[in-house]
Amino acid sequence: MKPVNVGIVGAAGYSGEELVRLIAGHPHTNLTAVTSRSLAGQPVVDVMPRFRGLLPADFTFTTSDSQALAERSDIDVFFLALPHGVAAEYAEALVAAGKKVLDLSADFRLSSTETYSEYYGQPHPAPDLLSQAAYVIPEITAADWQNAKMIACPGCYPTSVITPLAPLLKAGLVDSNGIIVNAMSGVSGAGKKLAEDYLYCERNESAKAYGVPKHRHLSEIEEQLSNAASKPVIIQFTPHLVPMKRGIATTIVAKAKQTGVDAIYSAWQDAYGQRPFVGILPSGKTPDTAHVTGTNRIDFSAAYDQRTGNVIITSAEDNLLKGASGQAVQIMNLWLGFPETTGLL
Amino acid sequence: MKPVNVGIVGAAGYSGEELVRLIAGHPHTNLTAVTSRSLAGQPVVDVMPRFRGLLPADFTFTTSDSQALAERSDIDVFFLALPHGVAAEYAEALVAAGKKVLDLSADFRLSSTETYSEYYGQPHPAPDLLSQAAYVIPEITAADWQNAKMIACPGCYPTSVITPLAPLLKAGLVDSNGIIVNAMSGVSGAGKKLAEDYLYCERNESAKAYGVPKHRHLSEIEEQLSNAASKPVIIQFTPHLVPMKRGIATTIVAKAKQTGVDAIYSAWQDAYGQRPFVGILPSGKTPDTAHVTGTNRIDFSAAYDQRTGNVIITSAEDNLLKGASGQAVQIMNLWLGFPETTGLL
Amino acid sequence: MKPVNVGIVGAAGYSGEELVRLIAGHPHTNLTAVTSRSLAGQPVVDVMPRFRGLLPADFTFTTSDSQALAERSDIDVFFLALPHGVAAEYAEALVAAGKKVLDLSADFRLSSTETYSEYYGQPHPAPDLLSQAAYVIPEITAADWQNAKMIACPGCYPTSVITPLAPLLKAGLVDSNGIIVNAMSGVSGAGKKLAEDYLYCERNESAKAYGVPKHRHLSEIEEQLSNAASKPVIIQFTPHLVPMKRGIATTIVAKAKQTGVDAIYSAWQDAYGQRPFVGILPSGKTPDTAHVTGTNRIDFSAAYDQRTGNVIITSAEDNLLKGASGQAVQIMNLWLGFPETTGLL
Amino acid sequence: MKPVNVGIVGAAGYSGEELVRLIAGHPHTNLTAVTSRSLAGQPVVDVMPRFRGLLPADFTFTTSDSQALAERSDIDVFFLALPHGVAAEYAEALVAAGKKVLDLSADFRLSSTETYSEYYGQPHPAPDLLSQAAYVIPEITAADWQNAKMIACPGCYPTSVITPLAPLLKAGLVDSNGIIVNAMSGVSGAGKKLAEDYLYCERNESAKAYGVPKHRHLSEIEEQLSNAASKPVIIQFTPHLVPMKRGIATTIVAKAKQTGVDAIYSAWQDAYGQRPFVGILPSGKTPDTAHVTGTNRIDFSAAYDQRTGNVIITSAEDNLLKGASGQAVQIMNLWLGFPETTGLL
């Protein structure tokens, strides 16, 4: 099989670093270009020394002009690991040039430009392209996404919430009203940002809620869950920062429509029983981020509380893999016709 | 003022260590005895090397026979830092001998022996003494607790939940139905227990829920909140372990009875405005465990979500201080007539 | 190519877990048996939940009787991840049955039974087999090791010290007298041992020296460096525990025989320039464990201090990979004729 | 006793924060002013929320003009927690105005302006004042330091090295040649600096050497040890960063002039046996930063290695307390005639 040439745009951050690792190690792809405005000209292994030996010593970050990238006939697939608002410009140029684009930013995750501007504080940068982008959680999204022009890859918190909840809402097994979500994220979720809040001495031995009550990812969670439930779903979502590098642990409380967890496990088994990256744990066993970091897996389980009539769902994933770059590569595999797990085990 | 002689029974664990520190440094107390079955005969500073210089090098752990302790005419006040089920035997002997007893175990926290046996898996060990014990959160419990024969000191999670919620339930500002509590605890909350689960390599870079859906502390939380609300309150409570030594961050979601947070802040101001160990943070500022560990303070704030009609309350405390030993000393101060903050700032 | 069947004996610990991962993911091996006395009968994925999806759910730990294992005609290669003193019995039975054995314990690392009993406090358990075992650091040991009956895989600290130092001693570039080594290890170096010292709350926010002045690994370091120098080398070695899961950072100070680092870098280039798992960093750039954990690489660099005439060498490796299981698989690859990096990138 | 009014200049960092805590809690001082250019106008408790309740809510950072501070007749004592190069200007103005000044920067630690410019890369900013400043380790410096116009408080690494070594060099118990020092520091040693290197995700699960071979603190260590030895002492000093907030663990290897550690322990006992902040641990017991963080104590012990003839000395301290602000307050206590431990236990 002829390898596919891949470019990673805006690869300076933690998600970008994981993309570099995955694409460089993927048996069917060539890592052809890695761009970063701020790092252009620097060897990638100087910035990401883990990759010494994996990448040539002279493989450098390049500039990331959108038109120049669009004209590169030697690259077929682009991952965009850019901030929201910036990604759209690249997506437009690259899609116009017929490239396959997987965007890890928030720019194409919401179908409504109004919701986008409400949550991201600016007008949508490319409304015309929006309808041609597919939001894809590979285990959930209907198969015709593969005809889309570009892919909006899901956010880290949304993946941890939507994956376990969507089949239950679809099957009407939990009440679509009154769902409460609390999530704990490792610090890499904030990116490689130079802010006092992310210094080692500020985050070690610290746990706190933030983004109360309207974190940006809420918009994406609600849209997807509303689609699953076929009615508007409003969520109470509270994210927290805890002192670890990576990993998201999420706890969802929803009113059950029946006693016990049998129907829930059946729905999960139907939806995910054959999927390689979903771990359905038995009721009573709560997932641990330590068991999924470094993997593309999401684990979850459910318990029923007869005192409250609630079902308590807990999930765990690696925010940089199943929550970002791993899932993006999983989508690429399916989009290009490779086996789903290629380069991800 | 003649100092009060204090004994700490079962002081081998992390709460015991904090009690040793606080009582040894307290201007009005003498640390007269520190007991531990397993450590009897060992100098305290060998087990707790932080206290070299603070304690005499030859101050040793002694055995902890309940009768022998009850007969010690040189000790007036005892803290029990023993496991539940064990504490009661000591409490009975010491109270019978006229000693003042502050129990940090769960044995006297619940008024119902049925609830005790449901949650702790054994018959209540001292039902007759139960009615003479006062459960005390000093900022909440009515002042006549000072006439009790002994004190049941609150649990760590319960303090973090009850302190912010009780005034709101009492004033009818939040719905007593459907309250959802998620809490994250540092690993010291599990005590100094030799179990694989508490090894450094298992807990570092790990976040997970546990005790789903019926953690033992739930019984205590529900009893106190029911008292505050004057009606039964059923809570959905999910605790989590996160990689830090100490600290609890708690997030409470409750249905508001009015829009906005003004009434809530008024109720808090009335209840706690003059109390030295309660930090009422402005709405929009979430408390951080890093800002309260090492102190006896609990911080909290509230935000109103007009989309859901919920109020989101977040609190932070040091599980070993305001959640255990610090609060116990605070109670002792009030019981013995010392200023509340003595030895705690 | 027909895959080689591999058994891992005593796989309950952290090194064992890495072996399971590497052998299960290796393209030319089958993971045929995983044994553990204490875990026999339990599914491997219950004990090592990271491997859900990688291993069949019903793949269980088996008992580890040495004779029974020796009689298994379906297994060709055995890794022993057993405590010293215990490994020898298995090695004897398995070698006698013609199996290829890679021992990760200390039992066959020292050529002298006297040194073994001095450092390990017991008579050598299998002196007859000792002469048939080869101690192998693949980048250093002369190629005829491949004819040995069994392999003694190096310890974690020794790999971090011997790899950078051996070529320099061999070439006479540093004084063989007066070498000072300080090393910092992550907590997994102590294994999955239930001792108070390894609890999260004891190790977090803690740094300390231990094993002063005669850690067991010293015997192995000195033997190998004496071989390299062709004269006795006595080392001052001080290991330290620091709060991280994995990684070893080692700092070596030796008297230089010439000014500058050019000769040192030449020697390193000659010895390791073509080796995939050795990272020779430029002088002035110190290696960081964070850049090698999860890899089988060892990174090092050197600086010359004209004020003291010393060369300061700093190295970093993953104690569980290049320092244990990764290097064992690297050795297996070479022993069985696979490319050195197979299953390790 | 009339309390002494104290100003802290440049209090925005971690050492400044500790000074605020210690001075605000000190029974004989008033915290009168806390200055910071960048934070002027902000309430201190907004920046340092640990101090809510300890400081008035409206106690704000003020600007830090050196002349204006010198003219404040209501302040008697100033701590300077400023960068080197900046502190000198303040020291000059304040000393000229007759204020007592304790400088935590490096500006007055070295007696030689040549060494200063060699290590700090700029001319000494106040050579005239240099001779009037005393460098004080209170357990070591001869008593007449109390007549100095100002105090240079020692650096964190230097305190951990000089305190155990000085009496041994003075008594000729270790060779003054060939001393090797390795030290591990928590991340707060770098200050509250916004650099990628100090982000949580960069420092967690990472250990590495830095500042090889000529860290700035080396100049100070060598000057003090040369004084103690009455001859030039050249040290090989390698500092390391390890993932913890605070604490320094230091390991010193020196050639012993006699066998065993008896003479060493005698010298330590003579020098420090009566000093409250020095913990002399028995040989064989290595100090642990976890046992000294939060205290003003330095712990150390020694072991003799008959194989090498070396003595191995290991020490532990809190870099922000005994290594910085705690020791500064200890010095202030002695300077002002308060008991040495006031406000420090």
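In order of appearance the chains are A, B, C and D, and numbering begins at 1 in each one.
Convention: a contact is a pair of C-beta atoms (placed from the backbone, for glycine too) under 8 Å apart; a residue touches a chain by one contact, two chains touch by 3 or more.
These figures come from a predicted structure and were not determined experimentally.
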Identify the chain pair with more contacting C-beta pairs: A-C or B-C.
-> B-C
With centres defined as the mean of C-alpha atoms, identify the chain lying farthest from chain B.
-> C
Could you put a whole-Å number on the gap between the CA centroids of chain B and chain C?
-> 46
Could you please state the distance in Å, as a whole number, between where the Cα atoms of chain C are centred and where those of chain D are centred?
-> 39
Chain A to chain C, mean C-alpha position gap in Å, rounds to 37
Residue numbers in chain C touching 2 or more other chains?
-> 202, 204-205, 243-245, 288, 290
Of all residues in chain A, those that touch chain B in their complex | 178, 180, 182, 184, 186, 202, 204-210, 212-214, 234-236, 238, 240, 242-249, 251, 253, 284, 286-290, 293, 303-305, 307-308, 310, 312, 314, 316
Residue ranges of chain A in contact with chain D within the complex | 14, 187-188, 192-196, 198-205, 243-245
Spell out the part of chain A that touches chain C in their complex, as residue ranges.
-> 25, 49-50, 52-54, 204-205, 276-277, 279, 288, 290-292, 294-295, 297, 299, 345
